[in-house]
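One chain, chain A, links the two complexes that follow: it is found with chain B in the first and with chain C in the second.
Presenting the complex of A and B:
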């Protein structure tokens, strides 16, 4: 376990939060999408985060060694579609309307998606400041010698 | 003597005998006891690798090859910190050398 690997853990969180923001943005963008390639309205997507044990150090520059500390990276393990049924709106003139004149819209609440987007942005910010803290820790360790 | 200074094999300085003969440490060493110079050179090589990794990531980022901004930044920061540490070690070695070279005989 060295301090650079702490940076890698936070870096994996940055990647995961970025992917979460991507998925939430796609949900927001497709809140009114009534047709996709497979047919039917757009399905709201959820990201699933999973923990993955940190790999062994790739370089010998261990700035601090704590032995076998159990640390885990985060990664996106999958995208899961929301099973909420689509919202039916009566719009008879719409090209995607069914025989009764109802159009299926995705069950996406833009306000809820905005909250998720804020969560992703704050999570990204938080992990970025964790990296800055680690950087400052390494720098103060180096100045012991200077 | 697991904590002996690399480069000075244990027993090379024989203080027990009455003649007190001091044998100089051999400059070349066996593989299981690498000397300080090769350790330093290895560290330099690792810093060079980190710098070229950062360089490659920045190039990929700027040419739009799908590199993440944060991984390029982390690679730059790692290379920078490793270089800073190497610089401090080098400064310390130079200071030690100058202190020794200032000893008057």
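Presenting the complex of A and C:
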């Protein structure tokens, strides 16, 4: 059992939560974007988290940890677009308006995105404190030597 | 029985192994706090330690991991409780530190013997 690997698990969660925050910020920033490269309004994105067994870089390490393969990293396993139809707003003077004068805006609710962002921030904090706790354990183990 | 291979030292080593393994599981639970469908898991640490102390089971601690019962699942199928995990995080850290302190005291005693009581 290697305590440094525990840090790796919490580190994977830091990465995943940060990616979630990035995607949510992109949604917030593009809440009013009516034109993207592929045409049409911006599409709201979701991250999907999945648990993945910790990968061992070498055969020796996997042998050493044989029997404790229950530790799982968290990974972003997918980035999914929201299929909710865009919101139609009547703005005849808008350059992206259709023939009836309606403009398609992305179906993004800023309040929902803010809550998602808060969730990501709290998840990040939680894992950061787990890392602090593991760091303390490693530090106290080092004091056996001195 | 040599000075460096006493039963107490072996048991302390097992205790450290067990606590750090449990900490791995807690870190896994915390990391997957937002993973849909993830179920909290833990090990029967107390039972294992008692078995090790009673001497029935002289093998190295074999991790026995199981899902935790009695936790409330969220609609996405995840049942990680942040309160439970942060409490365990602190508790296991203290257990580990306590074992390290005892280990240090043991080695200090040994060191005193080596130096014939000279400071």
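Criterion: the second predicted complex is superposed on the first by the 131 of 146 C-alpha atoms of A that agree within 3 Å, B and C clash if a C-alpha of one lies under 4 Å from a C-alpha of the other, contacts with A are read in each partner's own complex, and residues count from 1 in each chain.
The rule we apply is simple: a contact is a pair of C-beta atoms (placed from the backbone, for glycine too) under 8 Å apart; a residue touches a chain by one contact, two chains touch by 3 or more.
Note that the structure is a prediction, hence the values are computed from the model and not measured.
Of the two partner chains, chain C is the only one touched by A:129; chain B is not.
Touch criterion met: A:72 reaches chain C, while chain B stays clear of it. After overlaying the two complexes on the shared chain, residue contacts for A:18 are found with chain B alone; chain C is out of touch.
In the superposition on chain A, contact of A:50 is made with chain C only, not with chain B.
When the two structures are aligned on the shared chain, A:4 is found in touch with chain B, with no touch to chain C.
Applying the stated contact rule after C-alpha superposition, one finds that A:114 touches neither chain B nor chain C. More residues of chain A are touched by C (comparison of chain B with chain C). In the superposition on chain A, A:80 makes contact with neither chain B nor chain C. The residues of chain A shared by its contacts with chain B and with chain C are 7, 143. Here chain B touches chain A in the complex through residues 42-43, 46-47, 49-50, 68, 70-71, 74, 77-78, 81-82, 84-85, 88-89, 91-92, going by the rule given at the top.
Against chain B, in their complex, chain A makes its touches with residues 4, 7-8, 11, 14-15, 18, 59-61, 63, 128, 131, 135, 138-139, 142-143, 145-146.
Interface of chain C with chain A (complex): residues 16-17, 20-21, 23-28, 30-36, 38, 41, 62-63, 65, 82, 85-86, 89-90, 93, 96-97, 100, 103-104, 107.
Contact residues of chain A toward chain C in the complex are 1, 3, 5-7, 9-10, 12-13, 16-17, 20, 48-51, 67-68, 70-74, 119, 123, 126-127, 129-130, 133-134, 136-137, 140-141, 143-144.
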